[in-house]
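The next block holds one structure in the form of structure tokens; read it before the comments.
Chain nomenclature is as follows: A, B, C and D, assigned in order of appearance, with residue numbering initiated at 1 for each chain independently.
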Amino acid sequence: MGTFHEVVELSGHIIDSWSLPRAWDTIMDRGGNFTVQEISIGKQKSESSYARFQVEAPDPETLELIISELQQFGAILVDAHDTQTEMVTQDGVLPPNFYSTTNLPTQIRIGGKWVLVENIEMDVVVVVEAEKQRAYCKPMHEVSKGDQVVVGHKGIRVQPYERERGHETFAFMQSDVSSERAKVLAIKNIARQMHEIRERGGKILFVLGPAVIHTGAGRYVAELIRRNYIHAIFGGNAIITHDIESALFGTSLGVNLKTGEQVEGGHRNHLRAINAMRGVGSLEKAIEIGLLREGITYEAVTRGLPLVLAGSIRDDGPMPGVITDMPVAQHHMREVVQDVDMTIMVASMLHAIATGNLLPARVRTVVVDINPAVVTKLADRGTFQAAGLVTDAELFLRELLESINQLEKELA
Amino acid sequence: MGTFHEVVELSGHIIDSWSLPRAWDTIMDRGGNFTVQEISIGKQKSESSYARFQVEAPDPETLELIISELQQFGAILVDAHDTQTEMVTQDGVLPPNFYSTTNLPTQIRIGGKWVLVENIEMDVVVVVEAEKQRAYCKPMHEVSKGDQVVVGHKGIRVQPYERERGHETFAFMQSDVSSERAKVLAIKNIARQMHEIRERGGKILFVLGPAVIHTGAGRYVAELIRRNYIHAIFGGNAIITHDIESALFGTSLGVNLKTGEQVEGGHRNHLRAINAMRGVGSLEKAIEIGLLREGITYEAVTRGLPLVLAGSIRDDGPMPGVITDMPVAQHHMREVVQDVDMTIMVASMLHAIATGNLLPARVRTVVVDINPAVVTKLADRGTFQAAGLVTDAELFLRELLESINQLEKELA
Amino acid sequence: MGTFHEVVELSGHIIDSWSLPRAWDTIMDRGGNFTVQEISIGKQKSESSYARFQVEAPDPETLELIISELQQFGAILVDAHDTQTEMVTQDGVLPPNFYSTTNLPTQIRIGGKWVLVENIEMDVVVVVEAEKQRAYCKPMHEVSKGDQVVVGHKGIRVQPYERERGHETFAFMQSDVSSERAKVLAIKNIARQMHEIRERGGKILFVLGPAVIHTGAGRYVAELIRRNYIHAIFGGNAIITHDIESALFGTSLGVNLKTGEQVEGGHRNHLRAINAMRGVGSLEKAIEIGLLREGITYEAVTRGLPLVLAGSIRDDGPMPGVITDMPVAQHHMREVVQDVDMTIMVASMLHAIATGNLLPARVRTVVVDINPAVVTKLADRGTFQAAGLVTDAELFLRELLESINQLEKELA
Amino acid sequence: MGTFHEVVELSGHIIDSWSLPRAWDTIMDRGGNFTVQEISIGKQKSESSYARFQVEAPDPETLELIISELQQFGAILVDAHDTQTEMVTQDGVLPPNFYSTTNLPTQIRIGGKWVLVENIEMDVVVVVEAEKQRAYCKPMHEVSKGDQVVVGHKGIRVQPYERERGHETFAFMQSDVSSERAKVLAIKNIARQMHEIRERGGKILFVLGPAVIHTGAGRYVAELIRRNYIHAIFGGNAIITHDIESALFGTSLGVNLKTGEQVEGGHRNHLRAINAMRGVGSLEKAIEIGLLREGITYEAVTRGLPLVLAGSIRDDGPMPGVITDMPVAQHHMREVVQDVDMTIMVASMLHAIATGNLLPARVRTVVVDINPAVVTKLADRGTFQAAGLVTDAELFLRELLESINQLEKELA
């Protein structure tokens, strides 16, 4: 064993941030080995450490696999080369050895210089425009003939995710999916962050599932929009349909939101709401003629918020405004997420995962769901920055608005 | 088929309350058949209906099984006899053909007269004192030599459970286990009922799991005790231990309830809390000497509330006051439940099911848990009167107190 | 109260099948009342019953609501009229008072004759071609100018769903969502029904989620296709992608299905599989040139099975063959379900609900998922004929194949 | 900051096993700091590393907290002292500063020598008999006046848990709670380990919940006992009651295990089973007189297996043989677990957690449950060695027996 090798280096808070042990773990888990060539450890938490070691593997494939995984902990090949690219020869088809991204900040070396990859997201490829010293992400189906796509693992540098300390903001929720913790504290914390982002003109994205409407919590979201705490909304046909059903008829899934009683059998009101909007042609028109006068959709449209509604195979209708073609909908979502600072996902699984796929790791992400599996699924699929809050969507939103009210009072 | 038969009658709102169709269903599901002898149907919902029919079965066992199930819908054997009893010949052992109770109001015929069974609960037996015209429930392990225990199915009358209408109080939660409904409405409703029970001097029992403390919601429960909205508490070693841990150290499972941070590794504070109480000998003593000064336990003990703490096999300690022997603990719980008007179970599975086993069907029961399975389990085991609220325990209790505050203001 | 009224009649096993009590319940739950005009009850379970009663309501809306709900229990307006229709005046937009279907067999009266509605599914409308004495379903977005759409509630007859008896096939699973029952018995039963359907040339549809592949259970499905037990497949981008990943690389989500070990970081193999198929252009081509040689996709395509793959907003790729536009995908699914006899849904939530929306109530439907919420959701949305099996997808499929093997041996 | 300090050392595979980074993490999370005095890193994975560093904290309490947590990663105070003890002055009450154990192998220094603590389990204390150079665990309620109990953190050495590599047996299940993995592989692996333990005369403990019986899987467990693959059983009143119900009447919770049909209303058979055993007085007697002739209980009792049945507050009966007093039941469980090599917990939450509390970390533990929360709960409470298998209990046991059959054939 060990005839194939490569020397890598790691630097920074590599022990404290677990990069080094995770790197060594990975090497051994994959059946490789390593020999340390140089190591210097910071004496205090403020000091940097450095390690250089040779990675050995029984075959070139394993070596490449190990190197690609080490890059996610920030490892750099010592024997530095420029990144390699290959040209796309068929629209929507990648060269075989394409490099697949993570959602972490990534640099590639072009002409001896490290260049930051723009619009980073996971599981896509990097297109290089060498003459402009630019590199950016593209999903597979958007590459076109002539694109230069990064292949292999040379000349790539990924900045690892550094989890926050127990004493720092936000940290106490990190990867906590338990319902057995004090949620009021976490909610106050989220309120504080939303306020701070709003103050500095940042951007907060809400991803919403239909239970928000069924539980009567739509009014809290509408209020948050009016108060300028929400700057973009993602959802599907169901949330918008029930939101408009509730604006037109006072019901959601036929349940009166004021009394909790079923006022109509089946889904009829929901179909009537869709039909009414289809009749006038668009949400904008419905607002203009005074047919739609309240609710999340009303607030979002009148304020010009980006509202991306992606359809799904189980939809009735659909409601005007819902994008039924999936790549088109993803494209719109991609445009919105790039400058988002915080994302709050409430009672949505499908759209939460879809959004998680597109978010850079730097975006603060809170997933609120009564079902712990939703939170777990998101983390499993790579959105590891997501902090989970296993709680009731309705009471969460009510408490969030209340916390913001209190905070504003304190700061006034 | 059909050589074994018995004539039964049903009366009251037997179609409207589904008693008749359920009865016929049962007969056919069990492989029997029936012939209607007389039927008269009320013309309006306010009128009573009546049905008399012969039940036929292929063998005596099936016939007996069917009759026993029909009794739960209120069927009475036309050929009325007194109830039959047999004498217990060995302490804690029943005669083979014992009648096993439901949690519904039950009468038995003694000397031609119908007598109400006292202290009804499910899955126990009825002991008759014929000379006193009395009948009451006993669990198997408490019967003693000489007890006359009801056997067979003659002379027994069970009053079926009539579910409430959509327009009536409480009905909208009935058997609803969904988290996708407006909980704020349901909580206001519960607040109203608690207030009404308090006003008329009724009795409200809370069954609490440790998550109430871990989430920092103990203070809402303590406040409800102080305000006289809680009149008895059931729980286990964990809830009391964490309640006292929080009173002594400000933590629960080592997490600071004010900051959400872990202040101590492992369970040490929890063990220290138990040890401190063991050191002084009892909860009462700890309060007396000023060691324990706040929390649910403090409020309950100083107000003299029945506080039944039943141990379990996973307990550390235990804390003084916890009953470690199960039949002893059940005995104490039985004493408390008999005059309870309403039970609210929060974030507890083991103690909720145990309490559900003992509650008469007439007791309003609300089960609050973030896990829908808890609600389902309780209903599956026969506590069908339990209304489920799938929501967050912490936010539920916070909102409940808030709703009570509002209600008191409105009524003031 | 009661100035608005209408006389309806119910006949058949209306007590035994709970139609009558449910009808009365509904009337009262909605705030109406009723007066019985005639009632005759069958003396034995084989005899039919009959009831005619006047429904009274405080206002015309409530009356209409009640009538529309009673129709789902088979009630017919005594004062029989032909069904009413209104013409569509704008493509994809319905007349305001449209009748929204259930998934139950439905007849409408045209020119004094009762005509069966073709292609019945829930939540769509009925288009009438009076001159041809025909009526069929259309989803809202497919209606076009000039279509005559059924409105109101006159001249409509719905055949209620009659649940099966305890002694009959399939009944024991009916609406049972518990994991605490003997699943081996249920699986044997399903095997028997699949065999019977296959023998008589019937059609079995499988709806599959990606966990089928991740758990290595794809090979059981492939074998069932080869043995002619599966006649159509619905799924999404994920199942086909992982199926092809497993055929090409022996992994699913990068986990080696033979050893259970992770052989590749992240989703790379999955992207490589998509890329490979995109490179050759289509699944058919990939099979033709010998690139794709095994798996569910391979078996389905080579045998010409309808394979409808509907995309979703969280998809990578997509894989060739996946339909990215939702109404188009629904259209294909609609074509396939009409002559299906049985549907088995395994480890899929999104596609299971979507399929459930389209299935007529007569289609035997089994939902297999480890999460009880999936089963509950499907039933909540109207697919009440779905029998739930809360169990492990992998072990279910393994056991299903084993049961079929045994059954074939017994019958050989 | 940093006026309070202590020098500790760590050695072994401290980077590879993550001990060092976790130690540094802990120091900083708790608000302390550190200065490295010496560090040497192994150049290859086979070589040991060594680190000595000074821990600094703002106050003595924080310092002590940090030290106590570092000990769990194997840190030793350089300034080595003998362990300190204090005498118990009141039965069942500990000295205030007691040391609370983990479930990891632990040594304490007595008279300059390191002595292994016997019967290690978590959350108990260490009693020292200095003259005999012995130390062993005792739960709080069992300490008696005069016992010397370890206090503080000096002279204590904990051997950290080293997780296994990807290539090693068992590792692939480690902390995996997903249902989306190939379970057949994991089950084969468990079968192999059980076989190996049986061959070398080791001891396998099964902890069983009642769903094992309800699903008809009791026969697989009975067969495993007969084949000498199970050497001790823990459970509660429910499992034994339903096991005996099934042996006497062929039902579980009244459901016929051969047909899946309900043969009796409510819990009657279950009460009859308990009553029958109470009538004869004991399980042994029931077997002796030929009343109990099959099932798990029968096999366990006739083979003399330790069968510890701990009651709970929700029990009916109880069945003879069930221990109703919790500390007594725990005492019996403690006796059994000490020489156990492997524990398999199936469909049990209460008894699984209770057993997990008592198990040393070295015991291979597999938790099988359809509910992922059970697995998570166990790990959260410190039984971190538990490997979770989220799957169906019935199909798991069926497959386990099948895998053992295959394995025996291969080895024959």
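Rule of thumb we're sticking to: contacts are C-beta pairs under 8 Å (C-beta built on N, C-alpha and C of every residue); 3 or more make two chains touch, one makes a residue touch a chain.
Worth saying up front: this structure is predicted, and the values here are computed from it rather than measured.
Student: Greatest Cα-centroid separation from subunit D: which chain?
Tutor: Greatest centre separation from subunit D goes to chain C.
Student: Count the C-beta pairs in contact for B-D and for A-B, then report the pair with the higher count.
Tutor: B-D
Student: Calculate how many whole Å lie between the centre of subunit B and the centre of subunit D, each centre taken as the average of the chain's C-alpha atoms.
Tutor: Whole-Å distance between the two chain centres: 33.
Student: Averaging over Cα atoms per chain, report the distance between subunit B and subunit C in Å.
Tutor: Comparing mean C-alpha positions, subunit C is 38 Å from subunit B.
Student: From the mean C-alpha coordinate of subunit A to that of subunit B, what's the distance rounded to whole Å?
Tutor: Distance between chain centres: 45 Å.
Student: Indicate the residues of subunit B shared as contacts by at least two other chains.
Tutor: Subunit B, residues with two or more chain partners: 29, 166-167, 373.
Student: Looking at the complex, which residues from subunit C come into contact with subunit B?
Tutor: Residue list for subunit C touching subunit B: 15-16, 18, 20-21, 24-25, 28-31, 33-36, 39, 41-45, 165-167, 178, 372-373, 376, 380.
Student: Which bits of subunit A are touching subunit B when the two form their complex?
Tutor: Interface residues on subunit A, with respect to subunit B: 166-167, 172, 179-186, 210-211, 214-216, 255, 257-262, 370, 390-396, 398-399.
Student: Quick check on the complex: what are the subunit B residues that touch subunit D?
Tutor: 29, 65, 68-69, 72, 90, 92-94, 96, 98, 100, 102, 122-123, 139-141, 236, 263-268, 271-272, 274-275, 278-279, 310-318, 324-327, 329-330, 333, 350-351, 353-354, 357, 371, 373, 382
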